[in-house]
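What follows is a pair of complexes built around chain A, which joins chain B in one and chain C in the other.
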Partner chain A sequence: MSGGRFHASATTPTRRHQIPEFFTAVAVWMAAGLVVATLAWILIDIAVRGISQLSPSFLIEGVEDAGRAGGIGPVLFSTMLILMVTLALAIPLSLATAIALTERVDQDSRFARNVRRCLDVLAGVPSIVFGLFGNAFFAIMLGLGYSILTGGLTLACMVLPILIRTSEQAIVAVPNEYRYAAAALGLGRSATLFRVVLPAAAPALMAGVVLSIGRALAETAALIFTAGYVARRPESLLDSGRSLSVHIYDMAMNVPGGGSRAYATACVLVALLLAINATTTLLLHAAGLQGRSVGGKG
Partner chain B sequence: MKSIHAWLIAPILALAVPGCARNSAEPIVAADEETLSGKLTLTGSSTVAPLVTEIAKRFEQRHPGVRIDVQTGGSGKGIADTRTGVAEIGMASRSLKPDEADLTAHPIAADGVGVIVHQANPIKQLSESQLITIYTDQIRNWSELGGEDQEITVVHKAEGRATLEIFLNHLGIENPVVKADVIVGDNEHGVKTVAGSEGSIGYVSIGTAEANIEAGVPIRLLPLGGVEASTARVASGEFPMSRPLNLVTTGSPPRLAIEFIRFCQSPDVEDLVKANYFVPAARGPDVAE
Partner chain C sequence: MISTQKLSISYHGRTVLRNASLVAEPGKVLALVGPSGCGKSSFLCALNRMTDLLPGARVSGQITFDGQGIEEAFASPVELRRNVGMIFQKPNPFAMSIRRNIELAVREHGRHSRSDRQRIIESVLRDVGLWDEVHDRLDHSALELSGGQQQRLCIARALALKPQVLLMDEPCSALDPIAADRVEQLIRSMRGQYTIIIVTHNLAQARRLADHMAVFWICEGVGEIIEYGETESLFRSSANPLVTSYLSGRSG
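Moving on, here comes the complex of A and B:
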């Protein structure tokens, strides 16, 4: 992508400049190619090893014979429940925090800077630490036990920093002229926020949500000690439920002969992520919100 | 004010009383032999968990009022959770240590630890002293043991793994003297590492190794002390390097826990034990048969 710029600047070259230009272009293109190739390799590897095991019944049936037979129906269901709990808590909280940080307090105030610093530290905390915290606080201290709720709350804590930071950047990226124009028309602060700023920031806000969904779906370490390992269909949010990533980990690492099932489950997980990404892009297009593509803002 | 409080409390009491009545009735039902009910939580060894999950499923089918949640985290977590009461039953893939004498172990199966090499490795057998020299880095090339001229990659388990303790105990060496090239976590991880490098040697659960060999993974189990490394030899008690898979409870577990442990030890679940590549625990009366 950025190679194009080098070509453009190389249209009126002297011979002396041509050689370094050429090597730079090659290096940049090769780096980009390597990234794409790695992604393609991972996707193809998972697909080749997993797709033969996939069938509609695999998505619906319960886990049999420690995962070597049957399907992943209850696991898929638990994953969705955990994700719903996570988003239901994380989205309102992070949006409100982002609004407070951008629209309500001075951008460069000591308070805002310190909150941001805390969030950056939180974002760098390894997920297993969130898992241990979730186990100690939600599961044992609040008595929620190994449950969907414990898992969802722990993941919400984990994705909050990313979600707040991306939301904040999304809101800041809205040009100030929009706000001036709204003020000139006599709109109040709240009306400006809800009618002008947030709709304009929606694509980037969605990008943050999709990023968080990706992080939550991929999470294993934080979930083993919180949402747990039970592969039964949960009857309530207080039941333990195994997520897709925990299932993949268990199939690959603990169950002899579970390797192919791990790949099949990985296929489902990757497909789910791609589908969520594609749907979001589609929805944004349908809503007439052009421009920054989903994921591009992270 | 008082009268208002009374008005507020009366309906709440009216609602609560039938609930209390039902709750107090439940233990009476549970005391009945055929209708067990209640919830049981197990945590611990990730080696035992897949097996116990399957046993629990069968137990739940026979006793529809029972829910059994199986969680993992390692043998150490199982023992800690049983002590604190987070779990009624812990799972441990090793014997209890002397400082864990406050708990009771209930063996449900056994698992052997076998030494594995890559399929292409011509080595036929290693003695225990040879294993020690390999793991303490005194021998670095297979040619010194009669194999090909190839560097030995020593695959070792991470601290805290039950297989590691059995391996070191059997060889009579301490962990710090081991000079490993690769440290792995789970058995499957060990198998994948050895299968991926021709000069490597590792040790894993024999059941896991057998399952992988069946699935065509290029590894080979080496005999130990002249005894073939197979689940059959672990079952017969001949294979020297083996470990028990235990359920762990405090001195006075609840009745449901006792019933479940009995079920885990019964012949009704032997097929599940074998399907998970373990060996059913030796039982007094059954061995006599």
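Moving on, here comes the complex of A and C:
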């Protein structure tokens, strides 16, 4: 019987058994090593090519000679503005939707399932399509033109599916014991939500926000048709502005001799992402919201 | 005084407890014992309407509080739960500081000055014998406490609302014997001040703690209360042979 043989080989490991084990281990480690190495290589490559151009003035000065000279001051400024518009819309909207999907309607109701299906479809839509939509809707129909506002709103639509999904998972992951404990203490539904569930979900919620910021900062295609690529410092949210990613794209593709400047800008972008990541970790740590284990220590 | 008349509980149409009638006298300890799955926890949850939170749960029958139906006695489930505290089997402090764990519900239920709150925190922590252990680290996370300390914190948190009734679902079963003993002593010290209803699988503990006892049993797949009376007299003799053999440790 095959069952018996299997048992025998499981209890007395043979050489023949160990060899595939060994290869599996090697393959797994090599795959993991490859991923780390690729990442390291990209980072080092960007740093090596860009770092010579980096200086404090590069971060402040205006874009000159199509970017071959000067710095990226206005670009950084536009990026921050676009990001702020995006988050100002996306965070409240996605948090409200996630709360509705988890705490208000039945998890498995048709409504909830349909909303989730829509979100999954939206999450798979290429960003260039969001760009076209943003251009047609925000820029032309609502008359916002090529502007920071149009760009930010378009990016908000783009990150909404991920942000809602991550927020939803963050809230669902809060153990039900917390909800029961809160209810047993006479906390109503909203008090339970705001005082107990959301604080407990905060680290995971923040992780979703960081992820979305990453997506928004990296976006180029959706911004070209919406925020535009004017490299001047925007005077208001209705001015066009160029984001870091669009600047990188433009320098690398359209400006002969812009390569090293593109790399320098990429350095700034990566540093910005790392800084945002580190700050949120620090903030959460400071707020004492790291662990969520329920069990006692002894 | 809290009492039930013909209380039945079902989940998704499946009845798990039927016709449960009993009385918990003020200031006394009532123990609920019986084999697993006979609906003791469900019964407890019905008393403070935690069953509202459980999907598919339905409760029928009467629960009265000092002679009034609970719907009349309390304006809302929130109001009810403020007067009927609950302690769970697994200690479940929030992942917040010790201070915040106690303050949270107190703040929600009325205006207290900072010093009032501090006084409440100190007094309930003293009540559960935790003050000396934690007074210098009130702002540390409650999750740093041991399991037994966490459970006593949960009791303190419930006491801070000045409830009249405390429901305890196997409050000692997740604790080591020494921590369990401390919690048991605590329950004994609370006798007289609160009406306590405690579910326990530990018959010796029920005998040590409880003035009255209700024995739950599964009859034809549905939980029922098959015996109710004074603890000592039930242990000495019961008309029901099932109860006699269960209480003497021969079955269940």
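Operating definition for what follows: the second predicted complex is superposed on the first by the 273 of 298 C-alpha atoms of A that agree within 3 Å, B and C clash if a C-alpha of one lies under 4 Å from a C-alpha of the other, contacts with A are read in each partner's own complex, and residues count from 1 in each chain.
Going forward, a contact is a pair of C-beta atoms (placed from the backbone, for glycine too) under 8 Å apart; a residue touches a chain by one contact, two chains touch by 3 or more.
Computed from a predicted structure; not experimentally measured.
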{"item": "Chain B versus chain C as contact partner of A:Tyr180, first or second or both or neither", "value": "second"}
{"item": "Contacts of A:Asp65 with chain B and chain C, given as first, second, both or neither", "value": "first"}
{"item": "Touched partner set for A:Thr220, first chain B, second chain C, both or neither", "value": "neither"}
{"item": "Partner chain(s) touched by A:Thr281 [first = chain B, second = chain C, both, neither]", "value": "neither"}
{"item": "First, second, both or neither for A:Ala200, with chain B first and chain C second", "value": "second"}
{"item": "Touching partner for A:Gly257 - first (chain B), second (chain C), both, neither", "value": "first"}
{"item": "Which superposed partner A:Ala231 touches (first chain B, second chain C, both, neither)", "value": "first"}
{"item": "Contacts of A:Gln53 with chain B and chain C, given as first, second, both or neither", "value": "neither"}
{"item": "Residues of chain A defined as touching chain C within the complex", "value": "177-188, 191, 195-196, 199-200, 288-289, 291-298"}
{"item": "Partner chain B, residues of chain A touching it in the complex", "value": "65-67, 140, 145-146, 224-225, 228-231, 239-240, 250, 252-257, 259"}
{"item": "In the complex with chain A, residue positions of chain C that touch it", "value": "48, 50, 53, 78-82, 85-86, 88, 90-97, 104-105, 108-109, 141, 143-150, 154, 157-158, 161"}
{"item": "Contacting residues of chain B [partner chain A, same complex]", "value": "41, 46-47, 49-51, 53-54, 69-73, 86, 185-189, 205, 207-208, 210-212, 214-215, 275-277"}
